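First subunit A sits with subunit B, and in the next complex the same chain sits with subunit C.
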Partner chain A sequence: MKRVLIIDDASTIRLYKRCILEKHGYLVEEAVNGMEGLEKALESHFDLYIVDINMPKLDGYGFLQRIRAEDIDQPPAMMVSTESAAQDKEIAYQSGANLYLVKPAKPAELLTFVRLLMGDHHS
Partner chain B sequence: MALLQKSGQPRPAPDDPTGRILDVEALERCLHDPSADIRRRAAADLASCQQATQWLLTQLQQETIPSVRQVIITSLTRINTTEAVQGLATCLRAEDARLRNDAIEAMKQMPDAMAPVIEELLQDQDPDIRIFAVNILESLCHEQVENWLLDVMDNDASINVVCAALDIIGEVGTEIALPVLERTARRFNDAYVGFACDLAIRRIADSRPAS
Partner chain C sequence: MNPLLQQFLAEGRDQLQQMSESLLALERGEQSSEHINELFRLMHTLKGASSLFTFPEMTSVLHIAEDLLTAIRERPAALGRDLTDLLLECLDFTSLLLDEINQHDQPLAHGEQSGQLCQRLQQQLQSWNTKVGQNAPLQTQEQTAQPVPTQQPATTATSRATKQAAEHSDQSSLADHRILQSIPEALRQQILIESLHEPELNYIVYRPQAQCYFSGEDPFFLARQTPSCIWGTASGSSQDLANLDPYDCQLVFHVLSRASDIELQQHFQYVVEQIDVAPIDARQLIFLSSQADDQPLSQETLDGLHSLYVSRNVSGLRQRLIDILGQIKTQTTTASALRWLQCAANHAPDSPVMEQTWQLLTRHSQYQPTQPGTIQHNDVNDEMMQRGMQEVLATQRHILELDHNTPWAKGRLKAAANSLANIMDATGQSEQKHHLRQLLDESLQDFNTRSMISWIDNLLDHPVAADQEQTAATRRAPITSQQAQQPSSPSTVSSPAPIAQGSGRQRTNPPAQPTTPAQAQVAASRSEHNVAAEHSGRARMADNNEPELTPRSDNSPRYLKVDQEKIDRLMGLIGEMIVARNRLPFLAARIERMEGGRGDPVLRELSRDIKEQHSLINRIAEEMQDTIMQIRMMPFSSISMRFPRLVRDISNRLGKQVRLEMEGEETEADKNIIEILAEPLIHIVRNSLDHGLETPEQRLRAGKPAEGQLLIRASQEVDRVLIEVNDDGLGMDPDVLREKAVEKGLIDSATAVRLSRQECLNLILLPGFSTADTVTDLSGRGVGMDAVRRAIDKVNGGITISSVPGKGTRIQIRLPMSIAATRVMMIETDGQLMGIPMDQVQETVRIPQSAIHQVRQQQTTVLREQILPLVALNDLLQLPISTRLNEDNEYAVLVIRNGSEPLGLLVDNFRGSTEVIQKPLGGLLAGVTAYTGAALIGDGSVVMILNLRALL
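Take a look at the complex of A and B:
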């Protein structure tokens, strides 16, 4: 089973995404901020990161910049945020995001992009 | 080592071979010094000077070294005035996400000075600013927090602002939130809003004392 790491400081959002992804056969791990996300990403392999931008301790940009500098397998990363400004998207992609999804994302939309990023087109 | 004595008696800068005395104005000039270490120490020393609020805010907007920026923000939280909060609130409009995050974290630590400013931010025309204001409420120790959040859920037109408030109410909401949660679920025909409202209603119901 493919493993997804959800990094978000909002517990309801983590649970919501977990419910959607687990229902479709993905294994989900959670982290409450970028720093905890970094620790988990360095401890074990994930097939996808889903990362919020604004978080305490280490934000989403910081997480991506630091994980992309590590000598490990580099899974794709989806950055999810309410901020739709072009500047934020640019920083997200410069930081190492593969996709920038603007909230609110419908469950089907989230699932489509998760599958796309992991190459699960037929699941 | 501090460049300005807390007693208010200036003393020589420790690494200044001339033994020069640094007053508050000299500290303000040190805020623009090419050396990050001098800027950091000046910012720390200015924490005891309310008159330094604008200097610190100006430097915060242009400071590029994270550790110096952190000290500036710590000094502003120690100054802890409405002027400092209003200055930090302008950082919410910055394009630099880290500056915005730093400002949010600082304002969370200034509940009394924050109270008059938060209501303005919650009414801002820009939904992103209203989301930042809701994020500040998450950790703001103030008796009005739940009422401010419920007001957002009942009245804000932006689903993203309401979702931000809902995330917090889901964790800290009390029984007074129940009718608002039911209204919010009806007001927005959205999967996430319905999920979050149901979750919050169940959590509040479960936390009721058994009769």
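Take a look at the complex of A and C:
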């Protein structure tokens, strides 16, 4: 089973995504800030990171920049945030995100991109 | 309740609490940037989570609050009390909604309250921006007209500032558009709504004569008194500052009124030639509030709205508008257009107003409906995958074009390649992966991503012509920087591919859009369900791909929410079990007492077995009891966390400066105890703030620091919880208290003289005692300290007051940690067994008769060089029997705590301690105050538990 790391400080959002992903057979691990995300990401392999932007300790951009600087098998990362401003998106790509979604992402939308980024066909 | 919602409630409450702490810290002036960032982050997170559900009022309040915090964060300055109050109010409002959601699964409607709150936040936002002087205020400069209905007088300054506007209005038609523009949008909408039922609407222009002040006229008053006035403004009429005569009236008044022409003529009858009245259509008020920058809606969003609009799906439209408005900035023109549409959809869906507001939006957004195409499911389907693929490919292409001068560029490149490889898997083109790997390896060597980009371009569909210009423009910047590094592959520049970085409108190349209205409606309503999902619709879940929002068991939350009654029941059961357990030693003893019991090996063994079982059951029962008690334990912080806010609010209101310190918030006690403590503590804290602590001036005069100190401390004392409230305020003078008590007839003067200092302080616990000369709205609402004492007595606690005049007061409350099982000391008196709660017993001693002395009327003895007054229990119970001595002529003395003074209680004998479950006395016995209750002990007999407090 493929593993997803959800990094978000809002437990409600984590639960929301966890439910969607687990329903479709993904294993989900959670981290409550970028720092914890970094620890978990370096500890074991994940197939996708789903990262929030605003978080205490280390924000989403910081997490991406630091994980992309590591010598690991870089999995795709999806950034999800309420900000829809173009410059936020650009910073996300600069920092190493592979996709930027504006939340609340609809389950079908989230799932589409999760599958694409993890290489799973929907049928 | 749906687990997602539950999570939201729990998290939301936490966040509100943290936000209020940050706010208070900010107000105290602690490292502001850290707290403001924290505050902003929490507000942002909470708003984000709230938008998963449909709580429009909550989301809109939080949204504006977040905007306000953004403004504050960007241009920090000291948060005033007003602003803090307002933000706290937002938190309170949100908290109220959370409570309602908890009860009803949905918040109740608070239209007026939330609207008002939003409006005030908006005002603060504007004034903040103005204050810091960077962003221009919402109204354009030439129209800073003052609305008449507010309290502000139309000063000369105002008229000067607005004279330009007046110039224009004087020359143009009666209802000048520029004047109308100064009516706030919300008010215009309200007028529009009201006009649906009450079409009469008149626009009045009143130009008082320049000399009117000399004839005793008050034009401002007259204008303000316009009958049925809805709105008004005053502007200046003269432009020439140099020749301005300050004694002339320069004002022109513009008023909107619902009064009829006749009524208006009557009102202005003495100046009738100075006014112009013309009816105005409320629809003239429908226009956008123009703002500097805007946030355009995507084609998709507009298509969604369009299909709802054409299908006349008003409820769907309303819902969608709430959603969209929750996501975009409130001050944008687009938001203004959406609000007008919302106003029409909510109040006049069938009138021409609806059409007018729709056009307002489409014209502003330059919207052309997308041609209806194929059906869009809410599931993931091939088409969505196809579209998603295009977007992800384009995004990776964009990423590959980024500047590679960062330490993480290599990782980013690998991640993009991994994403691309996965897309190949997902779309059934796995054979491409091998080639891709080769390209990646090449690229990693010199960061030349050209070959990978061309590879993506081959995969991408031919872009739609309309997109080309736009995408080329957005891409130009990164490309030029790269061309400087390696000027290869000009073909890429000339054949641009769509890039999914801008708004959704840029990705119009996918072949299909939602949409016949009916289909869009279905899709929208399904997705709503989806987001606020209950997992009731299992049948529905089975045949589509919507997530089932039930967490899997191995990952379910570690907390369990249990009805308190169930735990109480468990507590009752364990109590009964303890009583049953206590019966076992009696059984063993009975066997031993049986004829030949001691000699009979079988019986002896049986007795030993029973004792063994007893100790086993004993261990299990104790552990069980401990565990259940643990379940019921709550930290002191669960009530103390409200104190910072309480102290702040009250001290602000009283104009006092108070620093609150709290200690031992982690101290735990039984839920019932903690809950019972809450009210009395608030009362004590209020008293301290109101009567104890002085105003800064008084304090400075008394040589104390201006800031008063209030310390609330919780700690554990063996089996009791000690709560202390200390203040360094006025303190209480025992003599004053004594006089008061006599004055109020609570005690007679003879008794008063005999009272010790400590006893005088205790007078405040008497019903009907209040030292405050004036009754304020804070304390002294008729619930005095006697109510506090009653509450504490009820759980068998004690209260101790100590005070030094001029220095401060300390109130200590001691409470048992649990109220379920009580440990009692069994004593014997007059041949009866009785129990005394252990927490009142300090020690047991035996005192020889010879060591007892008569001092005045009081028997006393000396215990460890301290005088110990003695009282016979028999006397207290009015039993006409003297206390028995043992063989060595000693009395059994129980040293008990009586307030802070120890007291010796003479009894016949001690019988050890045991745990009992107290039952209150009922029926006829309910009025007997000498006992707190009765309990069943091991041998099945009933013992009475003494209420020493009532007896002494």
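Here, the second predicted complex is superposed on the first by the 121 of 123 C-alpha atoms of A that agree within 3 Å, B and C clash if a C-alpha of one lies under 4 Å from a C-alpha of the other, contacts with A are read in each partner's own complex, and residues count from 1 in each chain.
By definition in this document, a contact is a pair of C-beta atoms (placed from the backbone, for glycine too) under 8 Å apart; a residue touches a chain by one contact, two chains touch by 3 or more.
Since this is a predicted model, take the numbers as computed values, not measurements.
Participant: Which of the two, subunit B or subunit C, is in touch with more residues of subunit A?
Facilitator: When the residues of subunit A touched by each partner are counted, C comes out ahead.
Participant: For A:Ala77, is the partner it touches subunit B (first), subunit C (second), both, or none of the two (neither)?
Facilitator: Second partner only, subunit C.
Participant: So, does A:Pro107 touch the first partner subunit B, the second partner subunit C, both, or neither?
Facilitator: Both partners.
Participant: Quick one: classify A:Ile91 as touching subunit B (first), subunit C (second), both or neither.
Facilitator: first
Participant: Return first, second, both or neither, reflecting whether A:Tyr61 touches subunit B, subunit C, both chains, or no partner chain.
Facilitator: Only subunit B; A:Tyr61 stays clear of subunit C.
Participant: Look at A:Ile13 in the shared chain and tell me whether it touches subunit B only, subunit C only, both, or neither; answer first, second, both or neither.
Facilitator: both
Participant: Across the two complexes, find the residues of subunit A that touch subunit B and also touch subunit C.
Facilitator: 10-13, 15-16, 19, 54-56, 82, 103-104, 106-107
Participant: Which residues of subunit C touch subunit A in their complex?
Facilitator: Listed in rising order, the residues of subunit C that touch subunit A are 3-4, 7-8, 10-12, 38, 41, 44-49, 51-52, 295, 327-328, 377-382, 384-385, 388-389, 391-392, 395-396, 398-399, 402-403, 406-412, 414-416, 418-419, 421-428, 501-503, 527, 530-531, 545-552, 555.
Participant: In their shared complex, at which residues does subunit A touch subunit B?
Facilitator: Result: residues 10-13, 15-16, 19, 53-56, 59, 61-62, 82-83, 85, 87-88, 91, 103-104, 106-107 of subunit A touch subunit B.
Participant: Which of the residues in subunit A come into contact with subunit C in the complex?
Facilitator: Touching subunit C: residues 9-13, 15-16, 18-24, 28, 54-56, 64-70, 72-77, 82, 84, 86, 89-90, 93-96, 98-100, 102-104, 106-109, 111-113, 115-122 of subunit A.
Participant: Which of the residues in subunit B come into contact with subunit A in the complex?
Facilitator: 95, 97-98, 100-101, 104-105, 127-128, 131-132, 135, 159-160, 163-164, 166-167, 170-171, 190-193, 195-196, 199-200
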